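Here the structure comes first, spelled out in structure tokens, and everything after it is commentary.
Think of it as A, B, C, D and E in the order they're written, each chain with its own count starting at 1.
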Amino acid sequence: MTSSWFQDPTLLAAMLGALLPFVSFVLIMVFTRPYPKLSATISVAAVSVSVICALFLLGRHWHLEHPIQYTTKWLVSGELYVPFGFMLDQLSLLMLTIVAVISFLVQVYSLGYMAGDPGFSRYYAFQSLFAWAMMTMSIAPTMLQFYIFWELVGLASYLLIGFYYEKFSASEAGKKAFVMTRVGDIAFFLGILLVLLNFGNLNILDMNSVDVTARMSPALITLCAILIFGGVAGKSAQFPLLTWLPDAMEGPTPVSALLHSATMVAAGVYMFARIFPFFSKSATAMTLFLAIGMITMLLASTMAMVTRDIKQVWAYSTISQLGFMVMGLAAGSYFAGVFHLTTHAGFKALLFLCSGVFIHAYETNDMYEIGRQGGRGLKIPMVCMTLGAAALSGLPPFSGFFSKEAIMGGLAGLHNPIWLWGGLLGAFLTAYYSFRLIFLILFPSKIKEPHHGEHGGHGHGDDHHHAGLYWVMAWPLIILATVTLVLGLFQTPLENFLVGHYGGAEGHGGGHHAWLLYVAVGLALSGVGLAWLEFGRKGASQVGFVERMEPVKTLFAERWYIDHFYRLFLDYVIYGIFSNLFTRNDRQVIDGGIDGICRATVGGGRMLSFLQSGMLQYNLMVMFAVLALVALYFFF
Amino acid sequence: MEFANFPYLSTILFSCVVGLLVILVIPAERKMLIKWVSLVFSGIPMVLSIYLFFAYDKAQGGLQFVEKVLWVDSMGIYYFNAADGFNLPMLMLTGIVLFTGVLTMWELELRVKEFFAFTFLLVAGVFGVFMSMDLFFIFVWYDVSLFPMYPLIAIWGSTRKEYGAMKLTIYLLAGSALILPAILYLFVNSGLNTFDIVALMQPGVFTPFQQKFAFILLYLGFGILAGVWPFHTWSPVGHVAAPTSVSMIHAGVLMKLGAFGVLRVAIFLCPEGWQYWAQLMAVLATCGIVYGAFVGLAQTDLKYVIGYSSVSHMGIVGLGLATVTVDGLNGAVFQMFAHGVMTALLFSSVGYIYEKTHTKMIPELGGMSKIMPVASGYFILAALAGIGVPCLASFWAELLVFISAFKTYPVRGALAICALVVGALFMLRVVQRTFYGEKNEQFEHLPDLTFVPGIPRMILAAVIVLFGLFPSVMLDVIQVASVPFINGLP
Amino acid sequence: MMNLWTLFIPELYCLLMAVVFFGLAMSASPNPRRDYFAALFMAGVGVVVALACVRLEGTLFFEAYRVDLFSQVFKVMLAMGFFLVVCLCTELNGIEERHHPEFYLFLSTCTLAMMMLVSSVELLTIYVALELSSYSLYILVPLRRGDGIDVEAGIKYLMVGACASAVMLFGLSYIFGVTHTTYLVEIVQVLPSVIGTPAAIVGLLLMLCGFFFKLAVFPFHFWAPDVYQGAANQVTAYIATASKVAAVAIIMRVVALSGGNSKYLVDVLVTLSIASMTLGNLVAIVQKDMKRLLAYSSISHAGYVLIGILSMSASGYASAIFYALAYLVMNLCCFLVVVKVAHDGSDLKIAQLAGLHRRSPLLAMALMLAVFGLAGIPPTIGFTGKFLVFAAAMEKGYVTLVIIAMINATISLYYYILVVKAAYLMESDEELPGLPVSIPTKVLTVVLVTVMVVFGVFPHHLLEVARAAARALM
Amino acid sequence: MNSLTTYLFLAALLFSLGIFGVFQRRSLIGMLIAIELMLNGASINFMAFNRFLAPDPIVGQIYTLFIMGIAAAEAAIALSIIVAVFRRLGSINIERAQELRG
Amino acid sequence: MNSVQSLIQPQVLAQIGFAGIVALTLTGALIAVFPRNILYNILGLIVCLTGVAGIFVYLGSPFIALMELLIYVGAICISIIFAIMLSRPLHLSLPKRALPKVGLALGVGAAVFIMLSAIISRTEWQPAAMRSSDWSIATLGAYLLTRYNLVFEVISLVLLVAILGAIIIAGYARRSPS
């Protein structure tokens, strides 16, 4: 193993790519924290190397026959052997590339976006941490390593969401994200523990092999699958753990782009895909996931229809798209899910980065306000965002169209038509709310006039400097937009690349139902049209149909009261009952008991000291009485 | 003297004792000299203990660096020190925490001489327990390590210090009221007339009944010091009252003494008793984990929070010990080490904040990250370690314990795992309230941790991260002891 | 005959001391320095003499008096106790100067009596020796210069003592009636066979009362707190140390009579031991006066010693001997501090210890070690003593007793810690000057502390001596 | 009637009366007198055993003799202390001597 | 006549005398214990001790009886009386009785008596196998100088100590502070 360190370029590239960001993280935290420029340089350099390595690996192994594994001992305890290493197959190579590229782009973008922030170094440190964790997770050979870096990704997310820690809401959102995903992770952990204990191995390839059914009963597999899916639900914000993601938008926008749309939250879906064969061994579990995916998708779409916050819209859309991916995977369309993951990563990052430009320029998240201030004046972001929205809505010929169609195809292949109808409804809603946003910014009801220039007028720093920053931010947009445009065309090569591995896994594309294509596009277009009617056309009231129905609007705006439920649960059950009760018990029963014993002892001393009353004769009486008693004891 | 036979362990022990004597001789006015002497004499054990950790021959295994002298002939008492996979991590932990503790108290001005004298006495006891293989000496060192706590807390402590000190001392020594009878019981019933653990742990020395009886006494006795629920209440109170380095040593090392005692005395000598009582141990440990986390949620004093987190984390140690598996033992010992370093770092950071702001009430603080980012950073790192973030030392320990616990006691194990959520909630809540949010104007002028005072924290943080990244360095050593032990069980 | 008299040398030497002090008492003008140095010198020589005689063996006075290792070890302890108490007399302010020679005189006679007590193997000799030692103490207690509590203490001491000795005498008469002899050697042969008869066992018990009174075992402890508080500090030191040691010795002799096969006697001893420990420890918690606290602590220690004795085995007796020695040293160390802090001879409140760590770090440390030693915390000799005692009891299977005793030790910790707290934590209200501690006192303190720690850590040799002595007793 | 047990009962009675006296007399001298009764009880025991049981009829007598001597010494000391108590407290009522307590 | 004769038979006389002496002893003891006047008590003690001396005669030792009278009645009681007389108001204070205390005392005293009676009655008193009948005072003297030599010496020391102590405590040194 050691001899091949430098001889095997694959290993070297994987190691370099995955580990350099960690080195950068350590360097920044320990040494270069006071020097923001240097820190950023280190971080970007590291992630650049990662991109190069990832692309190199992808290119080198484009025609991969068998997964490549490298493992070394990380820990041995008794029977338990925990390896650390890399497993390169099509899926992980793809994910590695996505992560590396988007990380790189976001980091470059952040050079502009975060310029002048007092926590600049810290920001890049956390970015590096995230890149390291995410990449190492992508290429993890075992579920345990996967879990470990999964947690680390969560940590990075926590740190980045709470980046503006002076803001209470930011730190609160970070905490919420961490705790909520952890709820899912606990299930995940229990699930892999069950697998470990019953199957004896956590190697992903082994878990995916047919071996599993021989060693584990179907019920057990279902249980494990559901438990592990808990992790997916947490990380990918599936129902019922979906509410942390909108709050997570408290972080800097690039963070939202990177973590909370493109990569980290997709990790859940990635895991689904990662052990797809394992999951698909349990039909029950798959149906459950399908349902969860659909509920998530629809819930999130409804929420997105009423919010005014630009980032929230994309956040909800992220949730809903994730739900969509889960649906796709759960429907058995392995490729469709992964493909949607890939395209989604591209256009969602694009959408976020674009909104970041707006937010940066107008210092507001309110889409009405941005529109009013002349948001459409920012040409590049505007165009890019429209492109992204179109992709999101599944309009041809953007990438989203292809991937959505793939999933729809998968859904159509199912016996129960309800899944398909759900998916189609989702597509309609998606188109509606994305273009609601676009139209609101493009055609605001009235524009504040004094606005000029492409780069907003909120002016800190001189114009020249500002322009430079703008372009630093713009280039990643352009690149991503390009990707969004062309990625759809790569569907077939990607499919060959990915599915070749699993040998045409169960019903990937379903049949190509031509009618479905038209129905889907038609629904998307009608969504756009509805949005146009309500928001786009001249003199539109700019009030959506949902917003007219007050109770429904409130229900949607309050996120179906899921958060309230959690808050109440936390306040009343966790704090109110358990914490309070235990604390009281601790103070009063346990500690009070101990103190009581002590007091009783001292009190006993006080009582007994009355024996020593100074009355000699009574003392003598005690003396003789005891003597008599002791002697009497002898007779009985 | 041949180098191979150099008495390393005794050197560690006696550098503490000699340090104590030297400090006693120095006039009290020469504070700087006293501090330097302390530093030197605390450095020796640290260096040696780390050296021993790496010098231990894992291939050979068993007891190494043995020093055995007949002490009291008629009672069969031996001065018997040896190192194995269980105590090497503990020795290293003690060395590190002692050294960093001394550095942490560098600014001390009040009764310096006495402080360091008591500290050395305390640590000598701790080292003694960890390295001794003789019941008599284990008990002696155990008590030696406890009673200096009283003056250390009562003189240099803070909130309700006299109450806390008294409670802690009496409570812990009450534990020894169960230990001594148990030790004597074993001594008498073995019929071997020896206190030598190696001789006593031969199978068949004790009947099952004797093992059960002695085990429960020992478990409860040592368990008090290990913070076993429901005998934990001294811990928060004591920690709140104690000065920084004492909290560090106490939570970092002394609590481990209890768990280590359970391992070295109770489990080694009464394996059948261990198996018999393991169910109960698991119940108590799970209670401790869940309970500590929930009570921690409601605390407003930083040190209380850490105190309850210790209860929770020591519960994990207890759970590991209760599983009667290799993984459980490994995890428990690793957790002792990891928790020791982590808590030391927590207390060290809180100590700094308290020293500057003179408050450790969470509502009064806030936004400390803005004011002292470095000090806060260390706290946050330790807190993250505490909630089991991977690649920090305690994660591995918890992983091993949970794996084995889930295997042995599915329900209790699952409960304990679920408590991780609460643990995360309460630690993050503390971090949020204390370090995030609007900064408190009144503390704005306070200086951050500079390089030199930061050294001890840096060492601790480095240890946490290093053992988190390379857990096998630690586990390979522990393995050497745990695997043969579990395999040798009847 | 010459040979026989050598056996009697320590006692004779004490008698000689008494005579010398008698002579000094005759002199017209009081001269405390002279008395002190004479006492110091002679007591020091006394220790040497006792040590020199430690290997002697033989019987005297028609078998009524036995010199063996057991008795000689105790004689050394007594001589040491006497010497150390004399060491504390540099400022004998508690007693009027013209009475100093008498003070030393009665100390000598008391030591003499106790030496005879530990060697006596005949009931009448024991009784008379006991009375001699008691009377010397009865006189010493009201010798204090003070406000009346001394005579109150004296009369209480005397009344309890007289009752106890009457009870003991009554017991002796029953023993005599049952065994028809008064020689322990013969009693040992007869008594175990008749130990079941009420008169024998109750006689033995009643006889023990007299010694329990000396040792302040419950329920004969009532004098202890009052006398400790009422007597001059040095006298209290003597009562608390030397006289306890002698009592331990004679109780061991008497208990050994039963031959170890009386469950009843064991039960009674267990009961009394537990009662003593518990009562002493509990009541000590609420004490404010240092000497009173030590009195209650001595009551509880009587209980611990009894544990060793009631084991009725060689190791039990050995442990009790060891414990007695440990107790002697630790208590003397405590009293050293008491005497030095209350150098005007007044009573010492615990609160008055405040600031001691500043006034005299050495004394504070000595006090802390002594007090922790009394609490049974290693590495002091007190711990080793307790350990041995409990080990002996455990050998006999008295698990519950050991646990109760350990719980008691924990309780005792509370008030001992209060003392440490006073010395180390509290700051006195007014600024007290540093305590001048003379070089000899420093040396003495260091020696005591060293003995406490060294024999705590290296108990081997001492334990061997104790075991040899115990074998001599059996 | 003139048997061992008669004497023993007599002795026990004297002893108990002595105890009773010690308990209930507040006068210190009264207590001293009661203690003398207790001692005499013991003496009678010795003499009785001496007469009825002992192998050597001298021993009991010697004991009794010595008890007298001891009693005399005791009385001397007790009386002197009682006098001192009287001088200090102005009374020989034992219940006045209650300064030491607790 | 017969009955009178039988009355003056030696055994019967002895019995009557014994009964009388016992009665005397007990009466004396009661007087010594009960009355509140200290002088009655001391007289009661004298009566009681005289009775005890008589009992000693019955127990075969007139010498000891004599000693009893000499030492106890002659020395101890007289010294007590002296103490009372010398300290003038000593006999004047007549402390009141407290009934609960007397009751308690009676109870404990009775308990002790019951205990002793139980012992006496339940024990089988075995006489020694070999019994010498040498009651001579010469032997007694010889014993004192041989077997009880040490005690004999020591008791002199006891008495010396007692006298010295008495002198110091009650003697010239103790002037009352007022």
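Keep this in mind: a residue touches a chain if its C-beta (ideal position, glycine included) is under 8 Å from a C-beta of that chain, and two chains touch if they have at least 3 such contacts.
Computed from a prediction, not measured in an experiment: that's the story for all the values here.
A.B. asks: Show me the overlap between the contact partners of chain D and those of chain E.
C.D. replies: The common neighbours are A, C.
A.B. asks: Where the centre means the average of the CA atoms, what chain is farthest from chain E?
C.D. replies: A
A.B. asks: Have a look and report which chain pair racks up the highest count of C-beta pairs in contact.
C.D. replies: Ranked by C-beta contact count, first place goes to D-E.
A.B. asks: So, what's the distance in Å between the C-alpha centres of chain D and chain B?
C.D. replies: 64
A.B. asks: Averaging only over C-alpha atoms, locate the centres of chain A and chain B and give their separation in whole Å.
C.D. replies: 37
A.B. asks: Could you please state the distance in Å, as a whole number, between where the Cα atoms of chain B are centred and where those of chain E are centred?
C.D. replies: 71
A.B. asks: Which whole number of Å gives the spacing of the CA centres of chain C and chain D?
C.D. replies: Taking the mean C-alpha position of each chain, the two centres sit 26 Å apart.
A.B. asks: Hey, what residues on chain E touch two or more of the other chains?
C.D. replies: Within chain E, residues 101, 104-105, 108-109, 112, 115, 118-120, 122, 125-126, 128, 148, 151, 155, 158, 161-162, 165, 169 contact more than one other chain.
A.B. asks: Touching two or more other chains, which residues of chain A qualify?
C.D. replies: Counting only residues that touch two or more other chains, chain A contributes 598, 609, 612, 614, 616-617, 620-621, 624, 627, 631, 635.
A.B. asks: For chain C, write out the residues touching at least two other chains, lowest number first.
C.D. replies: Residues 124, 128, 131, 135, 138-139, 142, 154, 156, 159, 163, 167, 174, 177, 180, 198, 202, 225-226, 286-287, 414.
A.B. asks: How do the chains pair up in terms of touching? List each pair.
C.D. replies: Going through each pair of chains, those in contact are A-B, A-C, A-D, A-E, B-C, C-D, C-E, D-E.
A.B. asks: Spell out the residues on chain A that touch chain E in their complex, using ranges where they run on.
C.D. replies: 617-618, 621, 624-625, 627-628, 631-632, 635
A.B. asks: Show which residues of chain C lie in contact with chain A when the two form their complex.
C.D. replies: Residues 156, 159-160, 163, 167, 198, 201-202, 205-206, 209, 218-220, 222, 225-226, 264, 267-268, 271-272, 279, 281-287, 411, 414 of chain C touch chain A in their complex.
A.B. asks: In their complex, what parts of chain D are in touch with chain E?
C.D. replies: On the chain D side, the touching residues are 1-2, 4-5, 7-10, 12-21, 23-27, 29-30, 32-34, 36-37, 40, 43-44, 47-48, 50-59, 61-62, 64-66, 68-77, 79-84, 86-88, 91-93, 95.
A.B. asks: With touch defined as at the start, can you tell me which chain A residues reach chain B in the complex?
C.D. replies: These residues of chain A touch chain B: 29, 73-80, 147-149, 151-152, 155, 158, 162, 165-168, 170-172, 174-175, 178-179, 182-183, 186, 189-190, 193, 196-197, 574-575, 578-580, 582-583, 586, 590-591, 594, 598.
A.B. asks: State the interface residues of chain C toward chain B in the complex, per the touch definition above.
C.D. replies: It comes out as residues 357, 361, 368, 372, 377-379, 383, 387-388, 390-391, 394-395, 397, 399, 402-403, 406-407, 409-410, 413-414, 417, 420-421, 424-425, 458-460, 463-464, 467.
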